[in-house]
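Consider the two complexes below, in which chain A is the common component and chain B and chain C are the respective partners.
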Partner chain A sequence: MDTAQPPSLRGPAEDGRPAKGKLRPGSSLERKKRLIAWAFMLPLVAVNVLVILGPALATVYYSFTDWSGLGAAEWVGFENYRDILSDGDFYGALWHNVLWTVFFLTVPIAMGLLGAFLLSRITRFQMFFRVAYFVPYVVASVVNAALWQNILDPDRGVGSALAGIGIPWLDGVSFFGDQNLALPTVAFVDNWHWWGFVVLLFLTAMQSVDKELYEAAKMDGAGRWQQFLNVTLPGIRPTLVFVVLMTIISSLLVFDYIYIITQGGPAGATEVVATLMYKEAFVRFEAGYAAALGIGMSFMGGLIVLLFLYLRRKGWEI
Partner chain B sequence: MFAALDEYAERYGWRDKMLGWALDLGRFGENLYVVPNQFQTMLLFYNRTLMEEKGWEPPTDREELEGLAEEAMGQGIVPFAAGIGDEPPAVEWFPTVFWNHYSGPEALYAVLTGEASFTDPIFVEAIDLFARYVGNGWFGGSTERFFSNGFDAFHAEFGDGGAAMNMEGSWLMSNIDQFFGDAAGNGNDWDWAPLPPLREGVPPELYELGIGSTLSINSASEDPEAAAKFIDYLFSDTARATRWMADVPSAFNVPIPLQESDFPPSMDDRVARHLAALSQATEGGNFGYTAWTFWPAKSELYLYEEIQKVLTADMTPAEYCAGLDEVFREDMEEGEVPPILEPRNA
Partner chain C sequence: MGDLSVAERRGRAGREPSKIPYYVVLSALAFFALAPLLVLVFNSLKSNAEVGRNPLGPPTSPVFENFPTAWAQGNFATTLVNSTILTLGTVVGVCVIAGMAAYAMARLDLPGTDGVLLYLFVASALPFQLFLVPLFFLWNTLTLTNTLFGLVVIYWAIFSPFATLLLRSYLVALPRGFEDAARIDGASEWQVFTRVVLPLSWPGFLTIALVSALGAWNEFFFAVTFIQDDALKPVSTSFLAFQSQFSQDWGLTSAASILIMLPVVVLFLLLQRRFIDGLTAGGLKG
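So, the complex of A and B:
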C-alpha cells in the first residue's frame, strides 16, 4: 500500500464525504482556485498556441499546397504526399533514420545501462564521473562536431598520430568522406554527447530501486549479472521505456550533428528526412513538399507514441 | 521591388564607364535593374615555390595538365588541393571549370539558351573527365578526401607544398597570403595562371564570368536620385576604384576597363595582373559562364547535389546530364533562366 501518497491525490473517504484537503465540487472556493490555476496556465497556453499549434496547423495546410516559402500558395491536394511516395531520396533518407534509430536504441542504451550500473556500485569519485559523463551533453553541438572533425581528420587527427607510434590502421582514413563510414561516424559523435545523459537518467532510476531487493537477491545466490537482470532492469523499467521512446522520436527528427558535419553527404550517404526536409524548404524552396515531409514524420512519431499507449493499456508494464 | 535604372545609366553614362557586358547582365525584360559590383572567375592557383623546385610549369593544355598531375601523384604530392567538406555546394566550381574549358563557352551558350542539350556528348564527356580526375585522387588526394577536406585544411596543404595547384575562384586572392610565406611559416609563394583548355578549340585564355554581388535601388526608396549618384560614385573614378580594390582585395571588383598601370603601387602585382586580364578578356568577349551566375536555381541545385553521386559512381555522367537536362528544361519553361551574354564567337 502506498502510504506516501499526498492527501490531495487520495480518493474520497469511504463514507462518501470529500477526503481531508479536498474541496466540495462546485463550491465558490473551488471555482476561485480553478480560475487562479487557469490564470497561471493561460500565458503558457497562449504561447503554445502561438508557437506550436498555429505553425502546426499552418504546416498541415501548406503540405497541401505548392508553397515556395514566400508569396502565395496554390492548393494541390495530395500531390506532395504522392510525390513523397515515389521519391527515392525520401526512402534513402528514411532508411538512414531507421539505421540511426537502431544504433541509438542499442549502443547508447547499452553504454548508459553499463555506465549507470557501474557508477551505482561505487561511492568514491561518483560525482566526478557523473560530471565527466555529462559535460559533452552541455557542450554546443557545433563545438562537439568541430572537435571530432579535428580528432578524426585524416591528416592531423588521431589516425595520423597513431600511425606515428606504429599503429597504421586508421592513418589516412577519411571518416566523414567515406560513404560507408560517414553515417556510423556521425552517429558515434552524436552518441559521444548523448550517452552521458542516458547514464544519469539510468543512475537516478537505479538509486531509487529498493536496496532490500538486492539483499534478498544476494541471499538467494544471485550474482551481479542476475541482480542486474532481475532487480535493476525491472526496477528502472519506466525510465528505460521513457529513454526508448525518446530515442525513437529523436532519431526520427535527428538533424543537428548530420547537418553540421556532412550536410547529408557524401552523395546522400548521411541524408536523413530532417536534412532532406531542410533542403527542400530552404534550398529548393519547395516549402509545401517540405511541410508534407514534416507531417509524414510527425505521423510516424505519433504512431509510435500510440503504440506505446496501446501496449500499456493492454497491460504491458511500460 | 527594384527600381529601373535606365534613366540613371543614361544620365551618368554608365555604358561608357563600365565594361560592355556589365549592363547587359543586369537587364530583365526591357529594363536595367541590377549593376554588378563584384565580378570573379575561376583560376589555376599554384604553389610557385614548389613548382620551381620541381622544375614544373603551370599546364597550358590537357596533356600538360594530366602529365603534371601524374608526376605529382608519383611524388606523393596532391596535384590539386580541393575539398567540399565545409561547403558541399562548392563542388559546382568543378563542373563549371570542366564545362567551360572542355565543352567550351559556345557550347555552353547554346545549351543555356535552349539550342543544345546537356545530354550532348560534349557535356557528358566533360563530367566524365572530372569524375575520372577525382577518381585518380588528383583533387584532394582521394575521392573520400575530396568529400571531407575543409577549406582551411586544403588551403594549408596547398601553402605547405603538399599540393601543387588549386582550381578556385579569384576570391581566394583575398586571403591566400594566410597560407603562404611568413604568415604560414612555410616560406612558400604562390601565383596564378588561366585555367588551361581541356580540348582543342577552346580559347587558351578563358575566364568564366561570375558575379559576386550587385547593386540595385529599392523602388520605394525615399531618395533614389542619391542612391544612383552613389552607384555612379563607385564606378566613375578609376583611380579611386583601384585604390579600394587594393585596400579590400576581391570584395570590390567593379567591372570597369582596367590596365595594370591603373593600380596603386601598394597593390599585389599578381592581383593587379589578374584584375587587368579579367577586365580586358571579358571586354573582348572572351568569357565563359559560372554556374552560380548563369544557371537557374533548380538546375544549379541539381548540378551540385547530384554530381556527388557521379563521383561515388552511384550515377553515370550520362545519367547525370540527362537529369540536368530535364531540370533545366523545366526551369526554361518556367522562365527562370537568367540573362546570358553571347560569347565572342557565338
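So, the complex of A and C:
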C-alpha cells in the first residue's frame, strides 16, 4: 500500500514519540485523546464524503440505472455496460486515449530525460533554465490553448511565416481543423505546458544519484550516452516508473485541453472517453450511461495501478 | 613537473567534454518554452492592423489600448474578483482542513493513520469521472451550482487530500520538543496547535497554499461545469467565451491572456523554488 506513494510524500520514520506508557489503552483519557484526534480530521472527512466518496458510491449505483439526471432512476442491471461494449463511439474514443497515451509516454518523457540530464551536468544558468521550463506549467490551460491557436493559425500563424522565408510546407495547414492533425496538435499543446514539469521531476531525482557512480563510469571509459544509460536511468528508476504510471492514468482520463480547443471535433477526430462522458451526462442527459462510462474508466485506471503493484510484488524492480 | 601538469590538463580535458553542446540544446528547449509567451506579449501590444501585417514578430509601434479594452470587454472587473474569492477561499479552507488533518496524523497518534494515508493517496488520484455526475445533480439539489461557495467546497475536497499528505510529511519531520514543553506548561492541544505548531510549520503551509492557489486560479473543468452565470465566472472560463467572441482580434485576446497569467507568473517568479518543490512533490498531472 505504501508503494503507490511517490517517494517524496513518504515522511521520515516516525520515531522519537513521547513516552506514553502511563496511559493504559482502555483508559478514558486514551479514549478522549482518540476522539480529539478524529475531531481534527472532521473537516477533511466531511468535505471528502460530501464531494468525492458519496458521489463516487452514487456513481456505482446510477451506472446500473437509466437515470437522466433528474427524477427517478430505474434499475436496468448491466444494460449500460453492455451498451458501452457495443458502442462504436466508445471504441473510437478509447482508441484516441491509447494514441494520447503513446504520445505522452514518449515525447514528454524523452524531452524530460534530455532536459534533466543536461541540466544535471551544468551549474551556470541552471536556475534560469529550470524557471524557463516551468513557466508554461503555471499558465492557465485556456491561455495556453488560445496562444497556440494563434501561433498555429492557418493564415496568420507560423506556417505562413515560414512560407515567407521560403519553407512552404506548413502554409495554410489547419492544424486543429484537419481530422488527421487535430489529435496530435492538441497533444502537442498539452505537452508544451507539461514537459517542463517532467524535466524538474527527473532533475530532482537525478540530483540524488551518487556522483561517485559517474566518476567510476568515467574511469571505465564510459561516454555521455553510456553514463546516461548505465548510471542515470537506473538511478532515477523509481521516479521514471512513477511518471510512466501517472502518464498512463492521466492519459486515460484526459479532458481539459481537448474540451477547450476542439471539444472532440472535427467530426469526432479528438473525441476521448472523458469528452464522450461529458456529452452523455450534460448534453444527452444520459446520466446513467455516463456514470457507467465513469466507472469503466476508473476501473481501468485502478486495474493499471493493481497491475503495477502485482508486478512489483512479483519481484520486478519497478 | 611541467610535463606532468600538461599531461594532467590534457587528461582532464579528455575526460571533461565541452559543455557547449549542452547549453545549445538547453537553450533550444528554453526557446520552445518561452517563445510562444513572447509572441503573446508582442501581440498584446499590437493594433489590429499591425497583427494583420505582422502576426508573430515584435511590434513596430507598440500600443497599450488593448489592455483597457480587454479589461472592459472581458468583464475583468467582475471575473478577477470572482477568481480572487475562489482562490482565497480555497487557500484558507485547504490550509485549515489539511492543517488540522495533518496535525492529527503527525502528532495526535490518530488511530488508523495508515488506512487514512492510503485513502488520501487514492482520493488525491481519483478521477473526476468517478464522482462528477452525481455531484453535479447533488449540487443542483442543494442549490450550490452557480455559487462561488459551492465551487470552493469542491476545491477544498479535491485539493485537501494532497495538501494533507504534503503537510503531514513536513510536520513529521519537525522536532517535538517545543510542543512537549508547552504541554508540560499546561497548554491544551488546541493551544499547542495554534501557538507552537503553526508558527514552526509555516513553510509547509506556504507550500500547500501556493499549490492550491495555483490550482484554484487556473482550474477550468469544475468551473465550467458548475458556474454558468456570467456574473460569477472566474477568469479561466470567462476567457473561453471572450476568446470565441473575439477570436480574430489577437491583440485583444493576447492582452486578456496576459491579465489572467500575470498574477500567477509574478508570484511564481518571486517564490519559484517553493512552487517547484511543492508541485513536484506530488507529481500530479495538471
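Simple rule for what comes next: the second predicted complex is superposed on the first by the 276 of 318 C-alpha atoms of A that agree within 3 Å, B and C clash if a C-alpha of one lies under 4 Å from a C-alpha of the other, contacts with A are read in each partner's own complex, and residues count from 1 in each chain.
Just so it is clear, a contact is a pair of C-beta atoms (placed from the backbone, for glycine too) under 8 Å apart; a residue touches a chain by one contact, two chains touch by 3 or more.
Remember, it's a predicted structure, so these values are computed and weren't measured experimentally.
Contact with chain C, but none with chain B, is seen for A:70 once the two complexes are overlaid on the shared chain. In the superposition on chain A, A:154 contacts chain B only, with no contact to chain C. Of the two partner chains placed by superposition, only chain C is touched by A:115; chain B is not. In the superposed pair of complexes, A:141 makes contact with chain C only, with no contact to chain B. In the superposition on chain A, A:283 makes contact with chain B only, while chain C stays out of contact range. One of chain B and chain C touches more residues of chain A, and that partner is C.
Of the two partner chains placed by the overlay, only chain C lies in contact with A:224; chain B stays clear of it. When both complexes are overlaid on chain A, the residue A:176 reaches chain B alone and has no touch with chain C. Residue contacts after overlaying the shared chain place A:55 against chain C, while chain B stays out of touching range. Using the contact criterion defined above for the overlaid structures, shared-chain residue A:268 touches chain B, although it does not reach chain C.
Within chain A, the residues touched by chain B in the first complex and by chain C in the second are 149, 153, 156.
Chain B makes touch with chain A in their complex at residues 84-85, 88, 142-150, 153, 157, 297-298, 301, 305, 308-309, 311-312, 314.
Chain A contributes residues 149, 153-156, 174-179, 263-269, 279, 283-285 to its touches with chain B in the complex.
Across the interface of their complex, chain A is touched by residues 15, 17, 19, 22-23, 25-26, 29-30, 32-34, 36-37, 39-40, 43, 51-52, 55-56, 96-98, 100-101, 103-104, 106, 108-111, 114, 116-118, 121-123, 125-138, 153-154, 156-158, 160-161, 164-166, 168-170, 172-173, 176, 180, 189, 214, 217-218, 220-221, 224-225, 235-237, 239-240, 243, 247, 250, 253-254, 257, 260-261, 264-265, 268-269, 272, 275-276, 279-286 of chain C.
Within the complex, the chain A residues that touch chain C are 1, 4-6, 8-12, 14, 16-18, 20, 33-34, 36-38, 40-44, 47-48, 50-56, 58-59, 62, 69-70, 111, 114-115, 118-119, 121-122, 125, 128-143, 146-151, 153, 156-158, 160-161, 192, 194, 196-197, 199-201, 204, 218, 224, 242-243, 246-247, 249-250, 252-253, 255-256, 259-260, 274, 277, 281-282, 287, 290-291, 293-295, 297-298, 301.
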